[in-house]
Every structure is written in structure tokens, then in C-alpha cells.
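So that you can tell them apart, the chains are marked A, B, C and D in the order they are listed, and the count of residues begins at 1 in each.
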């Protein structure tokens, strides 16, 4: 038999197995899940092995002489010390390195690209609101201004949401609700096309029920 | 000592990377740090993969419930390792690209991984429907606002939305559902997104400072 | 016995499927009956919910599954209304005389293929049938592969096979070039500078279709399929704003709203957005393909979701009124 | 002496430039007055200076186009470089239409250079005069980030100030967050029912701050779990997270005085594959029926699959993420959701430690600044455009400058 036909059957059986979970957990789903976990864990390990260990660490250090990468290898080996009970504590060093690096890097990234850029965007938008454009735009931008400020009030931790402040925070939650509703409504329909693709595969490529 | 050194590493690395943002000639530290991360992550995988093997072999040895599935998982893991490490069936041999057409690795990817992956992803369609049925109800003010916003956007993206409000004259075309949907996306939705994003970045800053100052250190474990 | 029921049903289903005529098609009358039955079932759910019986998730799943599967076999035409922006796109392409050179930029990857691939296929089929010369490129690494898949599929059509389409004469694939919007910028002065060779490593000077093509002024139309950055926004900002090319685009549903402003300012000549944009484009070009077969299932499933939301709220409202009356 | 040296340098420079020009293919070199097609275009003027805010090794060349671009047959500008120390010259780049500046990144900080720019029109070259000599250098501070530094220092300063003042015993008020109050309740219920709790710290690795935020919350939850003697099950998608989570839980058990009850198997690696992980978590949920599920970290499309499955088994669910696109799904399917910033604040809340709480007050200062800036900006613009107020215009421009991040 043609390998493509075997492949199609295999793919179809796995597809049905995953879908059977919708009815309830069962033997068929458990087998598919087990295959999924085993195959995918292996796949990722292989990808890491060739892409990071071989291409970055081995080629980088041995062939390109980028000895600075040896630091990473040393930290990586320290990580493995976890396997040896007595000196397992040394694995905390690479962990500390990673947490420190993430905290330091992400702090700046979030500060510049999230906070600064969004404040800049809001100020720019609302500034332009009075620049003589149509009523539609002016209303839109005033809404952006009110929404951003009241939304921030909602996130304010060190003041009780009571009285006027509470009212403003309430308006803030309304804006958050609009945001959530919009994202939800936005995604609902596009998720249908994902499933359409799978059903099309089953009906057309596998069962050949549809031309 | 066992806690001081990691603390020191953490603060030093974090501070250096914050500073490197401002110094042009130190920017490459950031790339180095992320390369280090990649390398450490592979070594860590030996722990993760080892854990996977250990958990499942134990299940098989103890013949605990569902041990047969553990056999399947172990087999799958092993097959993938062998085909990938030795690049079995790869037309270009060991030097070939990992996902070269025709290699067993690529075949397994195409006929086993892909369908499993996209079907699991496609289950979302079902869950989105059941969640909408339950969650989109005008129980209170907040839920009503969420429902109305979602419904307008949802209708704005189907033919029904066009049909429902086509009668609205051109001067008031803003009120037609598809246009209303665009307005919601561009104005109130954007405002909410911005508030969330500014809040998040301030949250990240205060958490990162807690980490760098050593106030928050539960993840570094105890003294033993 | 009850334990084996699902398995018995499954086996029965397999036998039924095996016995079904292939391909299966149900007549228009039966299609209408099935649709009405589906509607009635939904009404039944409404009545049940109003009486206080909330239906389980499995019922919801069943409705979604049915609404996505059954329409595949149905044999009636949904009237497709082509939206103005899709019509504008079609009109722009239809106006091109035979032999026009069209640059097709494929800026997406497999996850966005369900929505964009049908547009790619319809576009390629139309171009080949109307003797448009297509130059393919990608700012996304996997874009040119997607283009190739679309072409291979389209070339199977008898009408196109008869035209004896030749690589290098009727179309060329320049492949991927890294550099995002800077690629567009530099193509403005020289295509060769960015794409000295095509995807098969052939020197561009030896490819007939590229004769005399050296910058945007030699291109009659640019068609961009985009699912993010870099994509339509960058093409508008550089190719349209600086070099004045005519640009039409197909976008994923998620991406489309961000380029709507360019339509109203006439920087973008037409747009097909998402799956519905795809089938409208197929309809406009007269190349019904995959997306057209998705019209019914997609519409049905949308109706079912909307139906469930309405049911949930009607039930809530009725329940609320009832509890108030009882309370008084 | 110095003047003499300068003159000597100038002589060397001019003569080398002339040398370069003489090297160019003569038939295509024209001086400005002999521009092609007889047009009377002025000369191209070239300025070269060290590229700002870089690590050295780059010179920025800028030029004015008197109108060559509009001529038919224009093919680009050729940039020609002379190393004035060695006297060697080479062409660097032909820039495309519409470009009037170029960063030459192939220079050395140890040499000085001079640049010529030639317009290429119909295979003829119209040369500019050579630029002044230039030497590249590295800068110690990126001046574009001055405002980032100042604002960053203000916010970090505020955080540290409030940490310190809390340490000295200043009482701080913090509003309640419903999701956090539910955590104890959820763990308590699991204990009563004798069922485990499930914890998922998102699907990202340790290089995402949200994962770290999830783990800090895990620290607090694990302590309650240890005290109540409930079972915790934590599948992870990345091996590093597994290692970090084990440290966290172990520490919590030690703090709760029950180190013997800790077991490495509480945290187990599943697979790095996003949906493979989801398939496994779904399986765990329906088989072990945890009484409480926590989803705290970075999530993508899988958020709803997991939350709906959790909902179907009737577990109390607490979620938290800073992924704006996934928040609505958690809000719809979970009992409590920590929205954005609340995720990062949660561990400080839970710890109840004054210093941690102080840091939250500091972040509030940042929010106040953001709100004030937005409001002041709008008011200033309105006044500036309505009454042509110079001072308001100045404020408007200052704000624009402050918050543009290059």
C-alpha cells in the first residue's frame, strides 16, 4: 500500500481519537494522548539537541571559537548536579542566573514597549482629537482617553474603591468588559474555521464522501 | 552561603542587564544571556526527559492503572529519539536537515504530530461554543456589557450583521453593525487594552525589583 | 450493556459510512428538511432551557459538529453577497490586460493557511486563465512554499493544464528574502538587488518573465496575502506611499481590521478578509474552490453559536421574570 | 604648531580625494556643472558624522539631493569612502531611491574617513565634493533613552521608597482582590473532599516573567497545601520550570515544618509541545478530578480548552494571566481571574509581608504618573490649539519627546 494512504488513515484515526474526548475520557483517547506525549517530547528533545546543543554550543565553541558560550555550558552542567543529591544545591546557581536575567531584561522591555509606548499612543491619539478631524474621530478619541484613565484607576491597589474613586474604577471595569467581550466575539468565529479544516480532511481526504 | 551566592548571582545578572539597555556597547550581553538560556534549557531537558522516562517506567514496573499507556508513551519517545538522533531515512544522511522531506522524522511529524496537534487545537471550536452558551448571559451590568460588545463584534463578522442593519441610511452608517464593530475594536477596546498593558508593565517592574532586591525568593528553595 | 452502547453506535456508524454512496450528496429538498430539523432541534433546546433544564455541554458539541458536518453534503446554493471591498479587489485585477505583470507577495505561514490558501488558489487560477504574469515573493520564510502549493493545486485544473503554463514564462517564484519592510524599500530601486536569483537558484537575468522588470514602475499590480507583520501595512506604507503602486490584499480575519483605514483612504485597492473574504473572492473571480465549500458549514455553525447565545439569554430573562412574579 | 598640522592634514586629505576622483573611470565622471541632459542642478552636499548612540564602528553619511532622483534614468546614489590614514578608497553601497542617509558599518574606530556621494544617472556619475573627515566612536550612553532612564528611576525610586517605608512600619492600605481570597477557600475545599489540587504555571519557559509570577504564587499556595496536607499535582511544559517549581514547593514544605511530606513527583514534566501538554492536562483533570485548578502564568489558545475541561469536572478555578487575548476566556470559564497586573501583585498580597506590599504602592505611583501625563497632555493640547498658547505647546512637545522610545 502507498505510504500516503497509510499516512492518511493514521492521521484520520488519531484525529478521531482526540475528538472522542468530547464525549468522555476513554481508551481510544488515552492511547492517542500517550502517543502524542511520547512523540512530541521526543521531537522537542531532538530539536533542542540539534538546534541548541549542537548548533549553538558545539559549533559555536569548537568551530567558531565563541568561548563566551562556555559560560552557558558550565551553568548547564551545574543544572545537572540536581541528579546528585549531595551537591544538588548548586543547580540553584543557573536558576538564579535565569531568574535574574529574565527579571532584568523583561523589566526594561515591558517598561519601554508597554508602558512608554502605550502612554505615548494615548497622548498622541487624544492630542490629535482636537486637530480638526470629524466628530466620529473626536468621540472615538475621547472614549480612548476616558477608557485608559478609568482602566488605570481600576488597577490602583492602594486606595479603596469607594465613593467617587470607586465610581471611576467601576467605569474602568466596564471598559475592561468591553475589551474582553470584543476579543471573545472576535475569536469565536475564526475558531470555527480550524474545525472546518479537520472535518474537511475527514470527509474529503479520508472517507472520500465529498468531492 | 547556599542562599547568598544564588541571590548575588541573581541581583548582579539582573542589574547588569538593566544597565546594558542604556550602554550601546553592552547591548550584546542581552543576546549572550538569551543564548545562555537556550543552552541551560537543553541541559535542563535531560532532567525533564529523565523525569518523563522515570515516571512512566515506574508505572510500568508497578503495573499501576493505565501502565499500558506508559508503554506507548515510552515507545513513542524512544522512536522519535532514534529517528531524530541518527536521522534515519534522511536522504542527506546525518548531515541533512532534520525535517528533510522523506526522513522518518519528517514523516512522523507529518502524519502523527500534525493531525494530533491541529485536532487538539480544533477542539477549541467546541469549547468556544459551550463557553458562549454559558458565559454570554446578561446576569449583571458587567456581564451585559461583555455580552453586548461580544455580540456586536460577532454579528459584525457574519452576513447576518450586514443584513440586519442595511436599512440604516448612509448618513448614520456609523450605526450599521459592521461599522459599529470596527468602532468598538478601535476605541473602547483599545482603551481597555492600553490600561491592561500599562498596568502589566508596572506590575512587572515592581515584581522584578522585588526579585532583584531579594525580597521575593521562594523559588530559590530552602537552606538544605 | 450500557457500557458498550457507544461502541455499538460507533461500529454501526462505520458500517453506514462504508455503505454510503461516494461522493455523497443529498438533494435540495432533503437539505431543506435537514436544515429545518436542525432549527427545530434548536427550538427544542430553547424550550427546555426556558423550563429550567440547562442542556449539557455534549449537546452543544453535537450541535456544533452537526452544523459543521451536514452542510458539506447539502446541495443548495447560499446566495453569496460580494462585499464592496472584495469587489474592488476583483475589479482592479479584472481591469489588468493580458500580459500584465503582477507581483504576488505571500506573507503568511501554515497556521493561517485555512483562510489565506483559498485566496491564493483563486488568485493564481484567475491569473493563469487570464494570462497575467505572476512574480511571487515572500517576506515570511514559509510564504513561497505556500505559493508553490497553491500553484501545484491550480495546475491540476483541466482548463489551466490546457494553457500549458510554464515556469519562468508565466510565473516565477523568487523565494523568501529576510529584512521585512526594508526588502520592499530596496525593491523600489532594484528588484535584482534583493532577488538576484529565484528559488531554484537560477539567475534572474535568464528568466524571461523578469525581462525589463527592475522596479515597481514595471509592475502593474501588487497582490499581498498577509497574516501579520511584515504584511499589508508595510506594503502600503512603502510600496504604495513611496512608489505609488496599486495594491490589493487578502488578510486573515484577525488582521483585516487593522488595514481597513487604508481602504477608506484609497491606499489599498480592495481587500478580502478571512474565510468570508476568501469565498467572496472565489465567487467574484469565478473560481469556486475550497472556501466556497466552507460557506454553508461556516454559516450554519455561526447561526448555531448565535442561536445558543440567544437561547441562554432568553432563558435567563424568562427565569428572572418568573422568579420575580413568584417573589411578589 | 597645531595649525600647521591641520594644514598638513588638509593637504593630505585633498590630494587623496583628488587621487580617488582620478581613479574613477574618467568617461563617466562629471563635475557638477556638467550634469547629464544639460539640467542645471546644484551640487550634492555631503555630511558625514559618527553614528549616534552606538557601540562604535559606524559612520552616518547624509546628503541632499538637488533633484537627480526625479531625472529619468536615475539608478541610485553611490557612496564612495576614502580612508584618509591609509589613502585607500572603495565604493561602499548603492542606495535605493528615496534614501538620503546611510550608516556605513564597515569602518574601524582607529581610522579617519571621508565620503563622496555620486548620483548615478544613465550610467553617468555626478560626484559631490568630499565630506569633512570623520572618525567613528562608541558612546557610553544612549542619549535617546535619557527620558526612559529618568522615568525609570522615578518609578523604581518610588517602589524602593515605599519598600523602605513599609520596612520602618508605615501602615499601607491595599484594596481586596477577590481571586486571591478564593485561594485559601479552594485549597480548603480540596482538603475536605480529599482530592488533589492542580497547578499550571502557564505554558512558557522561565524566560517569561509571567511564569516566574506564577511560581511566586505557587510558593504561597504550596505552603497552605503543606499545612492542610492536601495533594498537589503540577504538570509542566518546560524542564526548567520543573526544576524551579520543585525548589519552590520544597521550600514551602520546609517553611510549613513538613519537609518529610515533600516529594519530587508533585511536579512532573510532560512535553514541550503546546497541545500535547494540553491533551495530558485534560486527561489528568478528568481522571484525577482535582477539586481546585489554578492556571497562573502565560497562556495562549489552550486557555479555554483547559478552563472548560476544568469547569466540566466542577472544580473551583482560579486563573491569572497577562495575555490580554486570553483573559476573556478565563473570565468566562473560571470562578476567579487575576487580570494582568493582579497576577504580578498576587504573591506580594499573599505573603502579607510589609516590604512586598510596599512595592505595590510604588507601582501605583507609576499609574498615577501615567494618568497625570495623559490628562496634562490632553489639556495642554486643547489649550494650545484653542488659544495658540506658546507655553502649552511647549508642554505638548515635551511630552511627545518624553514618551517616544526611538
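Note that in this section a contact is a pair of C-beta atoms (placed from the backbone, for glycine too) under 8 Å apart; a residue touches a chain by one contact, two chains touch by 3 or more.
Since the structure is predicted, the reported quantities are computational estimates derived from the model, not experimental observations.
Visitor: Could you tell me which pair, C-D or A-D, is linked by more C-beta pairs in contact?
Guide: Spelling it out, more C-beta pairs touch across A-D than across the other pair.
Visitor: How many angstrom lie between the CA centroids of chain A and chain D, rounded to a whole number?
Guide: Once rounded, the distance between the two centres reads 16 Å.
Visitor: Find the geometric centre of each of chain C and chain D from their Cα atoms only, then give the gap between the two centres in Å, rounded to an integer.
Guide: Centre-to-centre distance between chain C and chain D: 33 Å.
Visitor: On a C-alpha centroid basis, what's the spacing between chain A and chain C, in Å?
Guide: Here the centre of chain C sits 24 Å away from the centre of chain A.
Visitor: Using the touch definition from the top, which residues of chain D touch two or more other chains?
Guide: 148, 155, 206-207, 209, 212, 240, 243-244, 247, 269-271, 273, 275-276, 279, 308, 324, 327-329, 331-332, 339-342, 345, 360, 363, 366-367, 370
Visitor: Provide the list of chain B residues touching at least two other chains, using ranges where the numbers run on.
Guide: Residues 21, 34, 37, 40-41, 44-47, 49, 52, 113, 116, 120-121, 123-126, 128-130, 132, 134, 136, 146-147, 151, 154, 157-158, 185-186, 193, 196-200, 202, 204-205, 207-209, 211, 219-221, 224 of chain B each touch two or more of the other chains.
Visitor: Two-or-more-chain contact residues of chain A, please, as numbers and ranges.
Guide: 18, 21-22, 30, 32-33, 36-37, 39-41, 43-45, 79, 82, 92, 95, 98-99, 101, 103, 106-108, 110-111, 115, 119, 122, 145, 148-149, 152, 155, 176, 179-181, 183-184, 186-189, 192, 194-195, 197, in rising order.
Visitor: Based on which chains touch which, is the overall arrangement a line, ring, star, complete graph, or other?
Guide: Topology of touching chains reads as complete, every chain touching all others.
Visitor: Which chain C residues qualify as touching chain A in the complex?
Guide: It comes out as residues 6, 17, 20, 22-24, 58, 61, 64, 68-69, 72-73, 114-115, 252-254, 274-275, 290, 293-294, 297-298, 301-302, 305.
Visitor: Using the touch definition up top, name the residues of chain B that touch chain D in the complex.
Guide: Going through chain B, the ones touching chain D are 21-25, 27-28, 34, 37, 40-41, 44-49, 51-52, 55, 113, 116-117, 120-121, 123-124, 127-128, 130-132, 134-136, 146, 193, 196-200, 202-211, 213, 215-216, 218-222, 224.
Visitor: Help me check something: in the complex, which residues belonging to chain C touch chain D?
Guide: Residues of chain C touching chain D: 57, 185-186, 188-190, 193, 215, 242-243.
Visitor: Help me check something: in the complex, which residues belonging to chain D touch chain B?
Guide: Interface residues on chain D, with respect to chain B: 53-56, 138-142, 145, 148-149, 155-156, 159-160, 163, 205-207, 209, 212-213, 215-216, 218-220, 236, 238-240, 242-245, 247-248, 250-252, 254-255, 259, 265, 268-271, 273-276, 278-279, 301, 304-305, 308, 322, 324, 327-329, 331-333, 339-345, 347-348, 351, 353, 355-356, 359-360, 362-363, 366-367, 370.
Visitor: Would you mind writing out the residues of chain A in touch with chain B in their complex?
Guide: Against chain B, chain A makes touches at 3, 6-8, 10-12, 14-15, 18-19, 21-22, 30-50, 52-53, 56-57, 60, 68-69, 71-73, 75-77, 79-80, 82-83, 89, 92-101, 103-108, 110-111, 114-115, 118-119, 121-122, 136, 139-141, 143-152, 154-155, 172-189, 191-192, 194-195, 197-198, 201.
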